[in-house]
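Chain lettering (A, B, C and D) follows the sequence in which the chains are written, and residue indices restart at 1 in each chain.
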Amino acid sequence: MKTYSKRHVLAAMLAGTCIAGLPALAQDGPIKIGVLEDQSGDFAAATNVKVHAIQLATQEINDAGGIAGRPIELVIYDTQSDNRRYQEFMRRVLQQDQVDVVFAGFSSASREAYRPIVNQFDGLAFYNNQYEGGVCDANMIVTGAVPEQQFSTLIPWMMEEYGSNVYTLAADYNFGQISAEWVRQIVEEQGGTMVGEEFIPLGVSQFSQTIQNIQESDADFVVTLLVGAAQASYYEQANSANVGLPMASSVNVGQGYEHKRFTPPSLANMFVTTNYIEEIDSPASNDFVERFRAMFPDEPYINQEAANSYIGINLYKQLVERAGSTDHDAIRAVIAEGDVCFDGPSGNVCLDPQSQHMSHTIYLAKVEEDHSITFPTVWENIEPYWLGDAGCDLTQNDPSAQYTPSSPPPAQ
Amino acid sequence: MRTFGRGFVLARALSSAEQGARRVELFPAIFSIFYQFGDAFAFLVISCAGLAVIFGMMGIINLAHGEFIMCGAYVTAASARAGLPLPLAIACGAVAAGVVGMALERAVIRHLYHRPLDSIIATWGVSLIATQGVLIMLGPTMQGIGTPLGSTLVGERSYSVYRIVLFASAVGLLVGLYVLFYRTRFGVIARATIQRPAMARALGVDTRRVYGLTFGLGAGLAGLAGGLYAPTMTMVPTMGATFIVESFVTVVVGGADIFLGAAPAAAILAVIRAALTAWYGQLFGQIGLLVAVIVVIRVMPGGLSAFLKRWQR
Amino acid sequence: MRRLELPDASEAPARQGLRLWLSRLEGPQTMGRGPGFWVAAALAVAAAAAYPAFANDYVVGNAAYFLVWTFMAMGLGVVWGYGGALSFGQTAFFGLAGYTYGVITINIGSAFGATWLALLLSVALGGIFALLIGYFMFYGRIKGVFIGIVTLSVTLVLETFMAQTAGPQWRIGEARLNGFNGMSGMPPLTVPWFGGDVLLYAGTTLYYVLLGMVVLVYMGLRMLLNAPFGNVLVAIRENPERAEMLGYDIRLYQMLAFGLGGALAGTSGVLYTAWGQYITPSSMGLTSAALPIVWVAVGGRRDITATLLGCLLVIAGFQSLTIYGSQYALIVMGVLLVFTVLVTPNGLIYTAMDRVGRLFGEARR
Amino acid sequence: MNPILEVSKLNKSFGGVTVARDIDFVLDAGAMHCLIGPNGAGKSSFFRLLLGEHAPDSGAIRFSGDDITALRSFERIRKGISVKFQVPGIFKALSVRQNLEVAFQHHLHGASLGGTIRRVLEFTNLTGEAATHAGVLSHGQQQWLEIGMAVGVEPKLLLLDEPTAGMSPDETRKTGEMLHELNARGITILAVEHDMAFVQQIADSVTVLHMGAIFAKGSIDEITEHPGVQEIYLGAADE
């Protein structure tokens, strides 16, 4: 038999991939941006819109003459909600397509999967998701909101409004556990009591026992940090069992637009801190929604990740124009100046040089009985302070690590 | 607090002081235990019934089981939105999944009866097509239809009435299947065909048709599961994945016979899961279920039904 | 059934030691024999070795990534195709070995070739764990589809457990397990060299190392499968009762085969972890567990060559589809799988090899 | 003569069905013995008990003086018992030669393995079929191949379950000759057989099983004359 058929097949496949991209040599060629997002699989509901936001920002910038005269060219891959695809394609965009910057990742696991590769090739990646916080890595720029921004606002407000007995229901993985840790700390600082804390493995969809536990506790409100389609079944089940407690969350509505997908009133009385959702009624936001829908009329919902991705592209434009090149050191030097800000759909945001995270205007969104949204309050200009306070300073050194309150950076 | 990172339920420990003060009545306490068990039992029985027919009886390892459930749930939700009353909408979901199942049997499964392991690959392929196809055509999510019937108060706790209905449905489903397989002509022919195909052919049975109908029935039951759970769950193309591990585990632990196998298996697993979840939290409920499966198979190779049959003799 | 005239290599003179084992490179349990086959195989390896000269770094590194998975596929080929036990949980040993590599290297570092020591220890641990599970199953008379469910349960238990180890208390020495987000920070494989270690990042060097490992493991498996061990394994698959009545402890053989499969899955696990400096619980989940079965089934499980080539074909093919197929990629994959099963029941590569072999009359077993 | 197989007080039942009832059975080394009895008499179950596929409820089995009651099947085989099943238990996907290799490689290696295979091929008239897939052999050839697999390593005791089932008269006669040749080489033979003509050709003594118990024992002539034996066979025929 002919064993070399193996190489034939392989060579044919790979030869095909070679044609796709030649190294961008010319300094005045297009600026290439790699986009790795989950357009299929479990996370597609929340992430398709991110790709669209990036396309919108790109078109607007290109129509206005590009970044420093150079057009943006997007290199988009579908990562299928699969960590391995992130590893494969992060190598591909950095090595083969030689992009200048990558916009990548929804789940924290996907970010951690690609981060070693970004570090290996000294690339630059934007992570445009709210997450559990703590990534101190000079190769990463994070535009999403982090726990100190969402919980230091949300929890005290809820305790003041509804009482100090708190029950936390969190997904049993990094995001849920770390967020729950934040909630616990803030509740204790504010003199409240944790009457219960329960962690749910990912993929669990049946909550009868959990609901009973909540009913037996004396909770004044429930902090729901549930993630994924399966766990979202909690709301319907809690509602049908008439739990009737207010809910507080950092992850719902702003990301998976559960209030649009579920039948009222299952999400009624939920309070969410988010840095953007399409219901925000400001001129900038309305303008953004209008432009978005003009380009993507069928978009189900414009969530906070869409806004952050849109902001990310515009921040990158500013960074490159001020640095005069796409060189990462030059860009970091601009960030270190500490005045990289952008007036976008969610208000004014600025990049923090120490952590390379972004300040946000935090909106408190309340889901009403009919699942419409009201905004009881707004906090302007909330800083991502924790990493810097804990000792992460990317202007000085680059540990490329992720820290949490219970495993902070080693003391200097 | 040492719970961080563990799936422990703190609720009890933390509120035990308050609890001690409460008067614990007997009936509500028993009802609560029964409700938790019934809820776990209903989920296992309803989600595995279709698989018990397709895998338990026909030996086809149907990895697209979850997608039949998704199909039933989507059709149910769409029909309910279109104004059909919920029971009718659920029936629509079951029928739709059954029809899809029969079409799939004719196109693909029919060629795989003599090599059941290959059915893993084929049905996995079908599952990929179905999940992604629905994502492309209907978008990443679909609006749910809300749980009907509200809640009822037993003692101091309120319970979802619909979940009690689900338990009743599970029991009704078992009774219905028993009648179908042991008391009707189709059932007798189907069982005969599946046990001794050559003999059935010799007796003039159109075995292909029986296989097709049986597969359709299995798919329809999966659709029914989707329909029944549609009001309580998030509607996404990948929703079937939630069911698939539990279904397979129940059917395999049960063994080939639905009534001697899957039903008692569901009961045993439901007790294990409900108890572990209540005492140690969801993580241990989940892990305990899987470990129970390993132990049960080890103790009774051939599954529960083989064990019960031997014991009966 | 067609009547096959198999070449009857009449009794060869007694061969000893190395020559005996080399003679087993071809034999009844593997396709391909005679100079034609070996010339073709040598050409294939030569082509693979020359290939980096004509491709860029990314493509070579990506090819190395494909090679990473072949060990797990070949291991499943032995367990399922030759031994007849369909394991749905090879990823359990993959994940265990991957995590072990991470824990060891993060704790002892990568100096003096320590990464290779870590590789050996991790692979051994994967193999021992597989032997334990195999002992539990085969000595407990668990058979058929029950093996699939037990192994699937094992891998899902590991996944569920690892997913919740995000807290700081879940650490082994310096290494944090880090829950669902996955463990990172372990070094790639390193080769001690004059003037500093060579780090085997995804690139040409790693490609050559992996290519060498694949060739070694492939040849080793060919010899083992044509040795008495392989004969008995196939005999057990065909008729376990009869094999026992010939005086073989079939439980022992199945357990050993399962252990070998686990060690090979562990090899892939270590290499994957070292390749991306990352390992995650989801690599032990349901989807990941189903993938090796697909590779092996599409290629052809009854022959180790078909398994190897099929694995490479499917992984490369699926990746290309994802790159060029946009959102239709998964649909095309599904269609291909259904089509493959319906049209080539023995596997795509197996059937192709059989055809080519018949054409040249030399691929006969 | 010294006994090679001694079975004492062997009992086994499945639920309500008793398949072995107080069986006491002694087989002398070098004998050619047949077990007969109507369908359901417990002949196959007796074989399975001897082979260790079923564990007896009580009683003991001794082979060559050793108690083997608690041994697993493969361990009994290694002590020198060999078996040929009623349904050919050959490996159909392997060639004739490979079948023999699998059968013998446990005991033999290298040249002695090759020599044994050649001798067995000659003995079973399969020399010309060495490379043929076992699955495509004629029924009789498959039976012979299995006998060859069973005897190649010179067992002390050969168990045969209906060795001539489905064979032509000519094949049956050849099989009988084969068994005589094996017996002459010192292999004790215990066969379950229906075909009385064949029993007459090979057996020096016969045991009749009925309802799981030993009904009668004696030379072939004594058994055929035995009125009770005729009755149980006729009774069975009436069913």
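Note that a residue touches a chain if its C-beta (ideal position, glycine included) is under 8 Å from a C-beta of that chain, and two chains touch if they have at least 3 such contacts.
All values derive from a computational prediction rather than experimental measurement.
Compare each chain's C-alpha centroid with the centroid of every protein C-alpha atom shown, and the nearest one belongs to C.
For the pairs B-C and C-D, the larger set of C-beta contacts lies at B-C.
Distance from the centre of subunit A peaks at D, each centre being the average of the chain's Cα atoms.
Work out the mean CA point of subunit B and of subunit C, and you get 34 Å between them. Inter-chain spacing, taken between the CA centroids of subunit C and subunit D, is 42 Å.
With each centre defined as the average position of its C-alpha atoms, the distance from subunit A to subunit D rounds to 73 Å. Note: centroid distance subunit A to subunit B, computed from Cα atoms, is 35 Å. Residues of subunit D in contact with two or more other chains: none.
Among all residues of subunit C, those that touch two or more other chains are 160, 164, 166-168, 179, 327, 330. The set of subunit A residues touching two or more other chains comprises 40, 172, 177, 199, 201, 406. Put simply, subunit C touches subunit D in their complex at residues 1-8, 11-16, 28, 228, 231-232, 234-235, 238-239, 241-250. Subunit D meets subunit C in the complex at residues 51, 53, 72-75, 77-78, 82-83, 85, 89-95, 97-98, 101-103, 105-107, 110-111, 114-115, 117-118, 130-133, 135-136, 149. On the side of subunit B, the complex with subunit A involves touching residues 1, 3-12, 14-15, 18-19, 32, 35-36, 39-40, 43, 132, 135, 139-147, 149-151, 157-163, 231-236, 238-239, 241-242, 274, 277-278, 281-283, 285-286.
Within the complex formed with subunit C, the residues of subunit B that make contact are 4-7, 61, 63, 108, 111-112, 115, 117-122, 124-133, 135-136, 241, 244-245, 248-249, 252-253, 283, 286-287, 290-291, 293-294, 297-298, 301-303. Interface residues of subunit C facing subunit B in the complex, by the touch rule stated above, are 86, 136-137, 140-143, 145-146, 149-150, 152-154, 156-157, 160-161, 164-170, 179, 286, 290, 293-294, 297-298, 327-328, 330-331, 333-338, 340-342, 345.
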